[in-house]
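Look at the two complexes coming up: chain A is in both, with chain B in one and chain C in the other.
Let's turn to the complex of A and B:
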């Protein structure tokens, strides 16, 4: 006799069809507004109506009979119709009957040509933008919907199978008005409300002795990482010389209006391309460290996490710099202040284009020799007109906080006539296919057009840096393999051999849970979000800029630990070693890596300054709401007749059961039913 | 409330007749009870006054007069007035709080016992 384990099926589960891989829009707050979407606690439901094109849209808007016959609607809208005009028209004609919006993508080949919910002039909402008179629309196709507040939930189905299931049910049940129709339920309840100030205040309120306070929102922030060659340390009593530090900047975050727990976040053109170039350049600097160590200037590689929303990370970085906290760590290291900075180089919004624009600001401080050398070494680079408005870039904040009078900034970006080449700026459609990469066939060492393009940019750039700072002309080359590996790790799978080769056992194992995930670029909240991006970048950056003299020494793990005991400025780890970057002939089983890297919280200073009023606009105060469940379910709304019949049968059954019980009580002798004697 | 004889007439062995006023014990009790309840209600307990009023309403107004009834009536009426005043205060505070909760800023939030999630 066999006993089979039967999975009990609840009737409630059989009533709904869930779509687990849908993306949703969440609520975020800043000092004065709330943006994003909100649903009711138990979800927003309504009759589903699918609108696929403009004609269907117009016929729906004018069909007042249909709109009047239902109490609420969930509109399934083709993503090509997701523009301000359509959404506004829908909201005005349906009013409060619009209970939710579900966008769908029919197939990956039918994605719209432009899809960006960021503003036309990104990061320009407040006066954080450098005070330049001309407002340039860098992102002309941006519809700004990300920054609006919607009273209903919005979700997005981007998987083709999900779309086909949805259409199958819709076509099956939406024949005419009298047959049962499909209904959708969107549940994306967000805890935060009003403004960051209100929400942060409510985070700490708890009146009861038993329950602790409930956190409703988290400040936006992640980790800023910086690293440099470990041989150049300015330790007391040595004093740092003015204009002796060069900062190279890249971003590690982005945002998208629709996000999901486990899914690609976009960000291939911005910031992944810039980040890959940044890391490859770090490798070249590390490779040529003997040259760079001969001169007195330090090149510090800095990644900023949180600049997509009002440059929070840059503000924090400059705040730390003003307070003498850059670099953090041992107090004996002389802090870097604005007078020590020689120049800033930033890689921002790069795409696979054959021309790159170089912005240098202010023109009075920019060094023309440097610019000319850059252009001479790399004919792809075109310099912009002097003092032309800068694209959205973190450097703007560096200039703003130092009144543009201390150092020049050089921004390398891909744009054409004041328009960014990125059609999917800050949206999840910004994926590797926009870089001519076929992600499904990409291997760990595939050479792609993109990785060859990166090589063509990075080599002349490193060459220029050597010519300009060291003074010698040298042909530098980077192995194509290294760039291929970086591209694979960043865009396809961060659990790649590279990350395991450059980290020790424990750190490397932390990446196993991210197998087959690309490097996520989204809004991080500190400290709740895992911020795997910053850890990944820090591990690779510190390895690439390591002291290569130790590559020639066969050290044991114990010897490495011994070295770290005497050194409080640099970190020592024992790793397997990334072979393509090792120049020596001998290969050992393990290497001791001496590196200099720091990571600091990149939360806006507004959250760390005592008694700072969060409604002030000195610093950005973005927070992201917390939520518990996000679900999308489909169910069938029966016809009116069906509902009435069900109700009538129910009432009849109820009264029949009363009658039967009465009869049994008074006309039979069943003791269970008799009134009790006491 | 239970009924009880108002007067019990007894005839003693020696021929003396006397009436045992046993019910005055209960009426004394009721009178003291209303008075004590009235004082207890001052500890911000309007429900005690409400109960005082409802429970002893019959004794105060619906039963034939007896000596302690004036006292009882006095305290029952006072409890009724007290309850009414409390109702006004509570309703007024309820309306004020609901209107001003969001406008008061931090004060409104700190006064709220269960802070609303997801809404201002």
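Let's turn to the complex of A and C:
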């Protein structure tokens, strides 16, 4: 027996360096195209070449000798060079030799000023938007690379340690062409291909001897959540009055071109900022519920999950509304249709800016008094020109599906001269640092510039709503603590005391596995994604809008259950109670929470309508591919000379020994070599 | 390409040997397979020993000598088995078989058993390495010597050939009388131990493979010469034979 290895373990461990924390670009499909990237089944490998700046880029492109001497390349590209022009130039000069792209970020302080792979005009690529003739580039720095299809895999190294390891090995071995050089292998095989229709059809086909099929792709969809004050219900035989419902909208999803299993998803400015304002406003409405309950108007808070890709969630919402399924649940509650909607208020693309823009459309239906009161109460708000084009917002679909003739929409957004203030729109760089928050030192109760800014927006807004709908002027205040807690939970750790205080033990325990994770904002699919974001929002929203009368009653869990037996419209849970939101003087060990909330699937109607042909363009049909492993490995590529020498020696040995044996058999009488039958 | 090259280096010569000396002889094929099986059992026993001695699992220097001993013990056990088979065949109608050309050629049997032993030993030595070679990379990212794969292939080839000749020496010596019954096996055990322990030198990060490879092939030449001597060759005989 012979020993020729260093340690009695697998050789492969000594040959490959893996990077487990890399982000990758995956494949998504819609009715007509596929977007994103993928590799071959066994991964794409090639010679690694690092390009750090424009100069190195140009010298590489013109170095035809180097390009010709290798079969395939994996280019490690500085993230600052990730623009359409560089990528296109690289693809044309390397052609099919470009086998993969690895982007890297040197350090968190060297991130580019603008980084967005969404279109310049987001959600405007296909026909699913409100047609307003004038096209505005809300995201002028967007390069649209997210919506292109690449024949090679793309991955992103965003951890500084990983970058340093990569550079160390690269510099060590990238000396000349006669010594072994570094190679990379990107393995991101995606199951889905072609279009959603083809992929969904393939989902049902079984390719093996067993009658089981492998799912290739999943439809995009999560949960739309809506909640309102539990006292404001229109139950038969009472009939709902026209123009009696106000919808307040916020999004709970986003996308990023490069994602990873366990890692921040971005989305701090869009949609987290809007969501935090949305939830704080819900608290204020809940706090002032006595004022609102006396009116015949309902304020419904709605979150939409899936609007980042062609407004799928909004289409579903309006589809449900047309079919009398809004609100879902007990049939005795009078359905809400477009004629019952008074107006829509949406919080969209907000950033830490000192001026906010208010869009009202159509100007014929918008109520100028409401706009003026808003501006008067909050001087930060500036109203846009009447009938100016709307920014990318879910309200567009509410208008589109009702021909902009039923109700006005009011959109509050942060932009400056038709340009969104978010430099990292729909990318994972959109993190709390863009909101002047130092995330590592943020505590559950920390007051930050951002949370104070939220207070300055939410209080006047609630005040305006009261003035406009109730008719009385009242100073409303929200405790800074509540906003601080919301900011912490959403941006840093969803397993926070707040969520445990507002849910019962079973629901609260489900968040333990997300400890030290911020609220994820990404594309959710049905049924694979757990949609923890929607569950989180629903729990908090329903608690903040609860019937506060029950806060004053010391009820046991049994008594709470008893109440729920007689009520089929509202839900009852027994929770620990979130003290900052409780207004009474007495504090109990547990509270019975009477609330009204519903969660509905937000998959595009295309997937739920029977016999809907997925190539039709009535509704968006986005799907996301499934994949099994995603890996990134670094290794040494042997030199051509070494490979050929090994092969030649092998062939020589085989042929020489064959010839020698042949000679010995036919020209000598050695009995061993003579054929016989024993 | 490297994988194909190393496979050819390690198995090229044994393949030719197989085609010309074993393929046409069913009896030799059976002997080679059974011999390989005995080697596998010896490997099982040595791995049980390695597994049992928990504190020394990381010390290859402990496991290697015992593995060598176990292999030689099983080589001897296979010899006993062959002897029994020969005895039984002789009792059965040997003349009939001889007429058909089925002769119990002791030399061929020793050769086939050595070959079987060697082939399985070489395969186990290299097949894991070959499978890791099928990936896109080669060894070296952590500073290991790039000659690792070629060296492994040559060592595997050396092992296969050495085992073949050890088999011949071992059995031919045991068949003879007198002092040869002890010298032959002793030389086999000694050279086997020497070769294996020499390869322990390859455990460093960048070892000089040339030491173990050169010594291995020198040993091989030595074994070839000793085999010829045992078979009764001297210079005159060789000249006669070749003519």
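General observations
The working rule: the second predicted complex is superposed on the first by the 630 of 678 C-alpha atoms of A that agree within 3 Å, B and C clash if a C-alpha of one lies under 4 Å from a C-alpha of the other, contacts with A are read in each partner's own complex, and residues count from 1 in each chain.
Methods note: contacts are C-beta pairs under 8 Å (C-beta built on N, C-alpha and C of every residue); 3 or more make two chains touch, one makes a residue touch a chain.
The model shown is predicted, which means the values in this text are computed figures rather than measured ones.
In the superposition on chain A, contact is made by A:38 with chain B only, not with chain C.
When the two complexes are overlaid on their common chain A, residue A:134 makes contact with neither chain B nor chain C. Among chain B and chain C, the chain that touches a larger number of residues in chain A is C. Of the two partner chains, chain B is the only one touched by A:214; chain C is not.
Using the contact criterion defined above for the overlaid structures, shared-chain residue A:649 touches chain C, although it does not reach chain B.
Common to the chain B-facing and chain C-facing surfaces of chain A is no residue whatsoever.
Those residues of chain B that touch chain A in the shared complex are 106, 109-110, 112-113, 115-120.
Chain A makes touch with chain C in their complex at residues 1-8, 10-12, 14-17, 43, 45, 169, 173, 180, 182-183, 185, 633-638, 642-651, 653-654, 657-658, 660-662, 664-665, 668-673, 675-678. Within the complex formed with chain A, the residues of chain C that make contact are 1-2, 4-9, 12-13, 15-17, 19-21, 24-28, 58, 60, 64, 67-68, 71, 100-105, 107-108, 111, 121, 125, 128-129, 132, 135-142, 144, 146, 148-153, 155-159, 195-196, 199-200, 202-205, 209, 212, 216, 241-242. Those residues of chain A whose C-beta lies close enough to touch chain B in the complex are 38, 41, 189-194, 198, 201-202, 205, 207, 214, 216.
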